[in-house]
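The following blocks contain the structures, represented as structure tokens.
Two complexes follow with subunit A in common, the first pairing it with subunit B and the second with subunit C.
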Partner chain A sequence: MRSGSLRTYSIAASTSMRERLAYPGNFAGSMFTYALFVFIFSRVWAGAYAGATEIAGYTMRMAVWYFIIAEIPSFGFGRFFWTLSRDMKSGQVAYLLARPYDFVSYNYAEKLGGSLAEAGVILAEGIAVGLLLVGLPPAAAPGAAGLASALSEAGRLGFLVVSLLLAGTLNYFLQAALAMTAFWPEENEAFFWIFQKLTLVVGTLIPIEFLPRWAARLAVWTPFPYLSYAPARIAVAFSLPEALSLVARQSLWIFAAVFLARAVFSFGSRRLSVNGG
Partner chain B sequence: MGTIRMARPLGRIRAYARFMGAAFAFNLKATLEYRVNFVLQFFGMLLNNAAFAAFWMVLIERTGAVGGYGFSDVMLVWAFVSTSFGLAHIVFGNVRHLGRIVMEGGLDVYLLQPKDVWVNVLSSRTIVSAWGDFAYGFIVLALTSGTDLQRFALFAALAVPGALIFAATFAAAESLAFFMGNSSAVSSALTEFMLSFSLYPEGIYGPGMRWALYSIVPSGFVAFMPLRVFKSLDWGLVPVLCLVAAVYVGLSYGLFRLGLGRYESGNRMDARV
Partner chain C sequence: MAAIVADRLSKTFSTRVRPAGRLSALRSFLRPENRDVEAVKGVSFEVGEGEVVAFLGPNGAGKSTTIKMLMGILRPSGGSASVLGLDPVRDRLELSRCVGAVFGQKSQLWFHLPPSDSFRLLGAIYEIDDDDRKWREAELIERFGLAPFWDVPVRKLSLGERIRCEIAASLLPAPLVLFLDEPTIGLDVVAKREIRQLLADAARIDDTTVFMTSHDMGDIEKVCKRAIIIHHGEVVVDETMKDLRHRALSKKYVGVRYASPVNLDLPSLSPVKRTAVAASYEVDTREHSLAEVVRALAAKGELEDITVEDEPLENVIAGIYSARTGAEAQAFGTGLPGAGRAAPEALGA
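And then the complex of A and B:
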């Protein structure tokens, strides 16, 4: 395994980010679809909360803000699989492997760097749309005032940003592991579809507290809630112990996902045979 | 003389029916040539739709009806939308590529052929994953309403105008390319609106928005009205929906013909076999 310097990976990430930002028009499609989804789901929640003030511990305002944040990883970090899979199938992987850097790490830096730009744009849009639709998100420390309130808000924002970055990282390594299965069957989209739909149901469209008790208990032992539930939960129901626990569990799943991606790459790349020049 | 006048339009309808049947059979053969891809896309689309079914099941279990719709209502709306959407893309698979074809000057090859350009270009492709959408509606119907033949027949009769309205609306949005050049942003937006608004209960939209759902974004005619007709088993409203579909098809065709006058050849060398 080759290992490039940290500088190599930072340059890859920043180049990719600048490349995305150079064509801001390309964000228009995602921004439009995201705004449409948020609007429709705000109406769905308005319908669901007709006659109820709280469901599974969430008020309507919390549910709308939850959806706004939970959709950010889907829009910002949901497409790594396709670019990686394309590189595998087109043979581009043969050129990338010959270069003086670690394939998995370089791709992580490059892909995450580019998608951070999109996630940032979607986050800014989400905040604007959320303010327009339901007003401010619930306070991080209800009842607190002055400095205590400001500290809680700053803490929530900090944890939210960290949790979104961890969600992006976990998304990358899980999708990379799935994409690299193309070393075996070339038609590997089905694996990603299953992954994508489980992510959607377990914590993106709906908080896991809404799931039946047995399903919620099972869900916390899978990586899916840490892809979108964790940052969304931090945003709408912030408490320091829970935020620490969620971020710690996200980190543990990242370790597992890195191990998995590296194992798939290690076994899969042995099957690669390069012909021609 | 009168008999001859009558025979001509009927003959043309028969000729176009034969042509569309041949295009469908050809596209189907091409699809089945890549069986693994077909099976993957078919089940992938079923899975995609089933994920939303899981969401609605969990939500309605918690909250009760949403926007006046219970779980079976939402599932039936999904059934109508997915079958109509699937049918539109199986038969008129080029419908969401029309704008790009116009923009790239790719209509030349269709202009040289004897059949109507609009029908020819729209039906010259099929979308593989659309088979999954098409089947999903029938599966949902069997699970929610049983296997009553009359209901199946009514469902199929309602899905046909739905498919025509989908195809006509998407084609109209794509035909904007004649007037705007690159209209992909506008046509994607209209397509996204049409699909997204159709898949959620009608009652969640305020009265201020409902008029749009029965005009510019005709979700009402592909989802909400078919649901009402289906639940009341009112066959009498099927011809009304067919008439509505005919109006949308006529308007979409008119827009295409208007745009065709502005079309400029791309001087491309294309071949159609």
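And then the complex of A and C:
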């Protein structure tokens, strides 16, 4: 029995995106907070870089642009847990299950579709704020000119977009797995709180190169750097081999996260207990 | 062939019990205690193809839980169910293509988008090709009068308009079975009347099996042909609406108004309401002959008006709901032991 087609999921994503874009004012809060964070961090880096041109291989301009890109997944893809948890606690999930689709795939399409609208708006804002604060990001291929430079910039942009989409996807499946633990204890917010803090520390607020060497070595074996570090690193220190490696590792973690989310759903949905009307 | 079969279907939920006293939260965390709650206790019934059935019961009776088991959303703790010959849990995906559902308190429409967008998505979910969807949409727009707000965001629709869209949306994939959970909740009188007519038409035109819960007697009387009443997790009544109405026929409300004040008491019947010249009486026809009551009242003085009304069906349902046991509920209004109504007795003039 087929359970939903690519067309179903693409229409779900586009419908969700149009729903989010119906009220552009909805983005005002996130846009303001994001701009404030970027401004504050740019001042923090200005202080940190006083008397230093480079820290752990990053110039101040790189560090500011790193933060601008690393925060996009947090603002664009940071609420999957809450929306799915809300559906589960309100009992809405029971009605969503009674449809001829694969629930996890459909929910991914719907949630990611809506979030892409917000992530796109934040990305555009981030580029504008970054240009105002520190100017253009470092060149993708320093020293190159003409066609070579244009190709490098196009390559970096392409990898950045792919890496951001993969970060959104990885974010969804990890957060969905956490949200669906509500099939067991309903109060599962502590899991997400830990997840959020680890994501912030490992690759969002600062590049993992800034961490102690042992922590950085450990971090690359966890999924957290692939939620924000990967796209931010591609944006500020682009090299084709590293970009390929980061995208490949993001993809591997997505496979693992999809497996995890599906397993949690498969076992959890058998325990679904929605009492009352 | 039966469209829906429930065979000793039961559902038990396990709920956390919080101990009383100091440090209760800590003790509950360290040594959790659970209590089993039997939401549905072995209900059995069959619904034939094309039947329109009211599934009734007081709050907490197990109605929604039963519907969720029939849709494959919840796994039964015991017994079995079959809808359109499919096992709702094992064949959930296949079944979901053949059944529709409207839950009055939940929405399947996108709040900030017009209904047309939700219908397009539902068409994709049910894998209806675009031409078929447009043809079906046009038919539903016509039948449900959706044209004036087809392109208006759902948030701007009245509740009545939204429910019309919800029901039309649930009919888009032409379901063979339609589950309706309180479809008219919160609607005004006019909107309720419209929705009931649309539901009755949908059942008739599409030959859809309708399984509906509602607390509104108007919905049940206007739309359904049969009622299954569930109480304390058990089926206590399963009969046609005609038979259910018969339970009400044994009680009549007689109202009289005289031209001048009279003694309004009858030897074994006192008014339930009275003024100097008017009164109303609750007459159990198994205790008193209606003809004798009317004759006795006519003999009291010059009558200006007299009315005889049936007991509202709502009272019968309320009586069944307030029963303490299944046997008491089954007997309510039938004259059987436990019904609380005695055999007829003569009314002295």
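Observations, loosely collected:
One rule holds in what follows: the second predicted complex is superposed on the first by the 270 of 277 C-alpha atoms of A that agree within 3 Å, B and C clash if a C-alpha of one lies under 4 Å from a C-alpha of the other, contacts with A are read in each partner's own complex, and residues count from 1 in each chain.
As a convention for this text, a residue touches a chain if its C-beta (ideal position, glycine included) is under 8 Å from a C-beta of that chain, and two chains touch if they have at least 3 such contacts.
Everything numeric here is computed off the predicted structure, so don't read it as measured data.
Of the two partner chains placed by the overlay, only subunit C lies in contact with A:Y23; subunit B stays clear of it. Contacts of A:L36 after superposition: subunit B is touched, whereas subunit C is not reached. Contact with subunit B, but none with subunit C, is seen for A:E187 once the two complexes are overlaid on the shared chain.
Once the two complexes are overlaid on the shared chain, A:L147 sits clear of subunit B and of subunit C alike. Shared-chain residue A:L97: touches subunit C; no touch with subunit B.
By the touch criterion stated above, A:V201 is placed in contact with subunit B alone, subunit C being left untouched. Those residues of subunit B whose C-beta lies close enough to touch subunit A in the complex are 36-37, 40, 43-44, 47-48, 50-52, 54-55, 58-59, 61-63, 66-67, 185, 188-189, 192-193, 196-197, 200-201, 203-205.
Considering their complex, residues 28-29, 32-33, 36-37, 40, 43-44, 46-49, 52, 55-56, 187, 189-190, 193-194, 197-198, 200-201, 205-206, 210-212 of subunit A touch subunit B.
Note for the complex: subunit C touches subunit A at residues 13-14, 37, 39, 59-60, 63-65, 68, 71-75, 92-94, 96-97, 99, 101, 103, 105-106, 108, 110-113, 117-118, 120-121, 124-127, 153, 181-182, 213. Taken together, the subunit A residues at the contact with subunit C in this complex read 1-5, 7-8, 11-12, 15, 18-19, 22-23, 92, 94-95, 97-101, 106, 270, 272-277.
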